[in-house]
Amino acid sequence: MKEPVIDVTPAAVGNEVRQMKDAGWRLVGLSGAMVDDEQIDILYHFDKDLTLSHFRLRAPRTAPLPSISAVYSAAFLGENELQDLFAVRFENLVPDFKRTLYLEEEITTIPFATNVKAAEKKT
Amino acid sequence: MFDALVTRARVKSPWVLHFDCGSCNGCDIETLACLTPMYDIERFGMINVGNPKHADVLLVTGTVNHRNKKVLQALYEEMPDPKVVIAIGACGLSGGVFRDAYNVVGGVDRVIPVDVYVPGCPARPEAIIDGVVAALGKLRQKAVPTAAGAGGNGRFHPRMKATGSS
Amino acid sequence: MSNLVLLLVVLPFVAAAAIYGLRAAALRSGLVMLTGGVLAVASVVLLARGLEHDFTGLPTAVLGVAWDTLITVADFALLGVILLWGLRRKSALVVLFTAAQLVLLAIFERFVLEPGPAFAPLYADSLSLILVLIISIVGSIICIYGLPYMRIHEEHLALRRSRQPEFFFYMILFLGAMNGLVLARNLLWFYFFFEVTTFCSFMLIQHDRTEEAIRNATRALWMNSLGGLAFLLGVVIAYGELGTIDMLAVVQSGSPTGVLLGALGLLAVAGFTKAAQLPFQSWLLGAMVAPTPVSALLHSSTMVKAGVYVVLRFAPAFAGTALSTGLALCGGFTFLACAALAIGQSNGKRILAYSTVSNLGLILACAGINTKAAFTAAVLLIVFHALSKGLLFLCVGSIEQEIGSRNVEDMRGLFHRMPRTAVITITGILSMLLPPFGVLVSKWLAIQAAAENIVVVTLVALGSALTVVYWARWAGLLMGSRKAGAPWESQPLLTRGALAVLCGAVVVLSLLTPVVYGELILPMFAAMPALDAAAPLEVGAGGVLGGPMGAFAVYPVFVVLVVGLLAAVLFMRRTGRTRYTHPYLSGIHVGERDAGVFRGPMNLPVTAELGNYYLATIFGEARLTRSANLAAIVLILLMMGLAMKGGVPS
Amino acid sequence: MKIALLTLAGLVLAPLAGGLLAGVDRKVTAWLQSRKGPPIIQPFYDLIKLFAKEKLAVNPWQVLCAWVYLMAAVFSVVLFFNQADLLLLFFVQAVGAVFLVMGALSVPSPYSQVGAQRELLQVLTYEPLLMLVFVGIYQVTGSFRISSVLDHPRPLLLELPLLYLVLTYALTIKLRKSPFDFSTSHHAHQELVRGVLTEYSGPFLGLVELAHWYETVLILGLCALFWATSVPGMAILLGATYFLELLVDNTMARMTWRWMLRYVWTVGLVLAFTNLLWLHL
Amino acid sequence: MARTVIPFGPQHPVLPEPIHLKLVVEDEIVQEAIPALGYVHRGLEMLAQKRDFHQMVQVVERICGICSMIHSLCYCQGIEEMMGIEVPRRARLLRTLWSELHRSHSHLLWLGLFADSFGFESLFMQLWRIRERILDLNEATAGNRVIVSVNVIGGVRAEISEEQQRWILGEMAGFERDMNRIRSTLLEDYTVKSRTVGKGVLTREMAYELGAAGPVLRGSGIAQDMRQLGYAAYGDLDFEPVVEAAGDAYARCKVRFGEVMQSIRLVRQILGELAKETDPALAAKVKGRPEGEVVCRVEQPRGECLYYLKGSGKPQLDRVRVRTPTFANVPPLLAMLPGVELADVPVLVLSIDPCISCTER
Amino acid sequence: MFRMTLNVLRNLFTPKATRLYPARVREPFAGYRGQLEIHIEDCIFCGLCARKCPALCIAVDIKTGKWECDPFACVYCGICADHCPTDALFFADRHRAPAEKHSLMSYTGQPPKKKEKSVAATAGSEAPANRKSAPAD
């Protein structure tokens, strides 16, 4: 990516994101991608006056992650989507659709984590 | 005589319910365009009623997915007989370009019986009009299921012989 | 004849005393039913004897004491008791108004009143007779309904010691007092009975002795004491002008002076308080804490009618004066304002209460219009309102005992639980708002009568439209579906009987409107030379009530609508082939057909709750009451002021 | 005999006229939108079709209410043709209005319930206005009877022009045209689906539709009273009024009932009052 | 006060797309609005792992049928950036032209639906009638009315002949006249204004904080338009973002109306540039396979659209992630619903120009 | 309101915009991708169309000479026709008619005998993806 990418840790992401917000950055969105069978990349895209900047949070998919919905309330949609598609879990996410944002019971696999059954669905 | 009148009225007054069953909007806007001055399907007595209880024709666009299939089913059941279903666009017909996506069940006919299929991506308004005309032929044929089917009842329905279309 | 009067007025007093002494429930019930039966029969017989009675043959004394003296003593005693209650409740207003009455009465009796020409203290014309019928028949039905009601009521409250003797004591006592009131010709007697009703009402409102009940009862007491004071003052001033306490003499005095108009105005104000007109409506609203039979009997079908009765009685005396116009405006305004306030209510009894005040306002407006047509409208409205409203209160009482709420929102789909009561309630509600029911005939007449006065007719027009809102939505939400063959609700026989009889009476009497008019109301005008000459209506062929301004085809409308309704019911019954389905819930309904549940966010089931609009920002009490009261006070002051300025014809 | 004939006329001609008018309405609306539009007799096809559909309902009360609505509408038209009392006629049509609302309320469907509440607010809006129109007629002719209107030598329009405007407000509300089409609209592009009519279907919707035709005729009849002295005058008045309705329908957005209450009550009452006052001058 | 709970959607006549809102109203004032999505979710981002990166062009194009061409444009630009492909200028100009045609037809469609949301049927009819002009242009130039499929990686598939260019210019004149005729109704009519002015106000701060995009953001006074990034040929064109300050439904409507007029001006500029462009090349050659990560943004009619693409040298991409404008505008919508009248709910829902199909993909 | 009145009145007095389809059919624009068709005799069964089709709706069997396409799944994008080396695939400018039943477009032709090998070889190798990216028409 041509824009700056800042690596953040799960412990620090809340703080860092808040600093971005205080510095006047707009949260454009969140993207998720599997790095390998365990690790997930969560990218936070920020914009200020048409320039982009990204955070990269790399963590095991199954570990609970902190939600930034308390900082940017609009992040709830993106985080819920990540929960649906990757079965990651965000803590203190409001509102938490509990993996029902898109998915019905009929989908028993985790869409983007191939070969993993959605055991933890229905939490 | 009476039968003929009723049949004629049915064919002349198809009220449609349009359900966007997860379409990309392409087919929807073309369906909606049918209502507008250029195509004006009200010429055929068609009204977009938006309420299954008033509808005779169900227009379905889009791919069926696991969530909306329940809605589709419910809407179909809430329509009074006789009714016809038109599936519109590659998505409604088969799932189209998304056929193998994980949340795609497939075409409309996976959930409810479809009378007419209108291909296209999106199906252009003329194609939809053709589809409606074909559906009216079906409607003309539809004898009311007196015994069979959940909702069948015949008090107001003159029994009709399936006289074949047009 | 005199025996009948004794039965109607004195029997209830005696029976009440007996009931107070009786602790055995069965005996008490028997006595209540017996009294009720006797009253009903006596009233009918009295009617059968003719339309005009001048009870000259009445014994003037009992046990050697003159009736007049007896009444005077009782009066002072009653005022004393009220004063004591006032002290006990620490209500300065009650004490003030009652003490004022005591003093005024004492001065009047001792120093002012001089023996004049003798006249029989009781008198009945068809107006009185109509009220006697309502009191004795509807009142008795309500008392009888009260028997099972109070049993259950006390079960709910888990009282250790039944307080029913006291309850029925006041209920029955009240019937006698009401009969006395509407039969009185001597204004002091009139006043005495007026005060008895005040007292009964007070005792019955505070019957449950909850904090709220006590507070509201005290409010009722001071407002009605104010009315009593106004009444007494009116009588005294009228006596000063005319030198008589003969009601008929006052009514027929002709071309009143300003002072006399002032007196009549005071009497009207007394009527306003009793009829809970703006700005006195709050006591009636508060009275709804009383057990429902009380609301039905005192606060809708009878006692509050005493207020309009007073005004109607004296109305011919001020026909054509500014007082009359003022009265019409006050009444019309109350009609409108309380109809608006009713829209803001979800508590069934409060809706009924506001509607009662509103309708009484319409009656008073008619009294103010003061033509024969208006009078007819007023009397018809008294009759039909008493029936319908009595019925509705009983319905709400029964519903409340079954579902534990008097909030109309909780009555949604009541047909499911209480099909019979629901149907009766719907009938009752419709009888308040649609043809062919009697209330509508009176409204029709009222509008015609008011048509000359743009302001009053506008008030009435707006008011009736508001009325439609709160009734229609209530009736509609009672409907619902029920499984075929499910059993009807069980109810105590007396409850069911009372509801059925009243409901039947509403329907039958509506059909008989032309008869009621021809036989009861028309003769009344003989005694009212002050009013316009022509008969307002003629009973034409086929039950058409026709006048110069229009015609209401009672029988045809009745036949078409009722037969039509029955036909519709038949059709409905024959909808066996109909497929019953879910309501439309955007395609995501789940569960039972009639449950109205849908699949909401997070796939959770959500009930599609339903709620009426109470439009608090437009019709809420908080929004309206203050300004409405202010406006009413201004109107009343204006009315009094105009009246005092002396018989300026409007 | 005369009564019987007039009654028959009301029974048969009114729905024909109403249906035809609905057809013309749709055609002209289409033209105003540069569309071809359905055939003029389209409403009859619709009605026949509706009656031939499966009977679908949520509960029997609905059915009852639809019947009573129709009956009241028919009866008020019959009363009109028999030159009855305007107030009586008004009350009878109110039966229909109330039952329509009750039918909608009997169903546990938020759409029809909200529609019913809005319908009530519409009733609340037009009822007093209609009543004042009748009062105006009374003040001019000295009676509430239609017959006396017909006997009146001059068109009422001359004396009650503002009240005629007030009547057109009521007409617009009753015809469910923009800006007052919020309790139910002719099609369903509305937040309430079809409001009070959402839960009616098939033959029961047909009943309501038919009743609506009768009502249209009734209220246009009321309009016609304002130029009752000449038949061409009547025709011109009705034609112009109806065209104006269509124009208004096509040049205005749907408003909300809060606006309606505020606007129609003030403007309507002021107009009515002015007209009544000037009668007295 | 009595609550009424309304299931608004998924099938609802004023919502052309299936989305559900659980609305709690009292006296028709919205107290609470909770959304439920998933009725259009197909899972098509996953298809990137089943189709090669060329085929994906057609798939992303069908994320949404309204600004379909702009989706594929963004995707193609992302891939081109990743693979270092230089797109011929003619292709860039043509892409821009079709983008603007899409913007016009999308905005017209929206203006019509917006009119219908407050029950102005004839205005809806009028606007959709005008819109057919653009669809004819699409069909004549690209072979389909709606989903034009002109983009391929490296350029475009279709050329616009000179004759066609002249015709487009003529159509633009007619289009402009039609728009001017409708302007006063749409922007000044009393009934329209009373249904839209002051409805669903989103302050500048709220809009920014909630991450609003496109006309919603610009309607709240923030001049941000991804076209300013200068992608395709926008860098060569002269335009300013259309901005309104009020932040209400009316302001959003005004922005979109302004953008239609802006599109007309842009199309004229592009046609002028096209006439000057001499290189006939329409597409560059594509060699190799995409590898690396890229984030690419374009301005769709509904606002900023962001693609995150990740490839690892296989014919299939590892990840295609689309963050669409409606996705960004849903939180602002939810913020403006409480407190409004029920009748305004469709107006406000429409005012963000929702495209659920791209929100859920 | 006044401006809208002018608008609707103009509509009333000018010809209606409605195209009277199906009574009158408009001349299609050149290049409209109405429906996919094949001159099966030109097909060399290279399978390129099947591999390029984003909807995966074409099946080509070089052994039996069968070319099949599912018109219900086809999204009319024209990619297959773009890539067809012999231009056997083309688009008719009339939209595909609605159907009451699902049916496949199924054609049998003569697979080239001699060239078979080289075809297979090239198909298997990395085909230049964008060889024919110029407009189809």
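Residue numbering begins at 1 within each chain, and the chains themselves are lettered A, B, C, D, E and F in the order written.
In this text, contacts are C-beta pairs under 8 Å (C-beta built on N, C-alpha and C of every residue); 3 or more make two chains touch, one makes a residue touch a chain.
Computed from a predicted structure; not experimentally measured.
The chains in contact with chain B and with chain F alike are D, E.
Contact with chain A and chain D alike is made by B, C, E. Farthest chain from chain B (centres taken as the mean of C-alpha atoms): C. The interface with the greater count of contacting C-beta pairs, when A-E is set against C-E, is A-E. With centres taken as mean Cα positions, chain C sits 68 Å from chain A. Centre-to-centre, using mean CA coordinates, chain E is 27 Å away from chain F. Each chain gets one centre point, the mean of its Cα atoms, and the points for chain D and chain E are 43 Å apart.
One inter-chain figure worth recording: chain D and chain F are separated by 54 Å, centre to centre, where each centre is the mean of the chain's CA atoms. Looking at chain B, one finds that residues 19, 36-38, 40, 43, 48-53, 67, 71, 75, 78, 80, 96-97, 100, 102-103, 121, 124, 151, 153, 155 touch two or more other chains.
Chain A has residues 95, 100, 102-104, 111 in contact with two or more other chains.
Multi-chain contact residues of chain E (touching two or more other chains) are listed as 4-8, 10-14, 28, 34, 38, 41, 43, 46, 58-59, 62, 122-123, 125-126, 129, 147, 185, 189, 191. Touching chain pairs in this entry, ordered by label, are A-B, A-C, A-E, B-C, B-D, B-E, B-F, C-D, C-E, D-E, D-F, E-F. Those residues of chain D whose C-beta lies close enough to touch chain B in the complex are 26, 30, 33-39, 42, 44-49, 51-56, 187-189, 193-194, 198-203, 205. On the side of chain E, the complex with chain D involves touching residues 4-8, 12-14, 25, 28, 115-123, 125-126, 129, 185, 189, 191-192, 194-195, 341-346. Put simply, chain C touches chain A in their complex at residues 601-603. For chain B in complex with chain F, the touching residues are 37-40, 43, 86, 90, 93-97, 99-100, 107, 109, 115-121, 123-127, 129-131, 133-134, 138.
Contacts from chain A toward chain B in the complex involve residues 102-104, 106-107, 109, 111.
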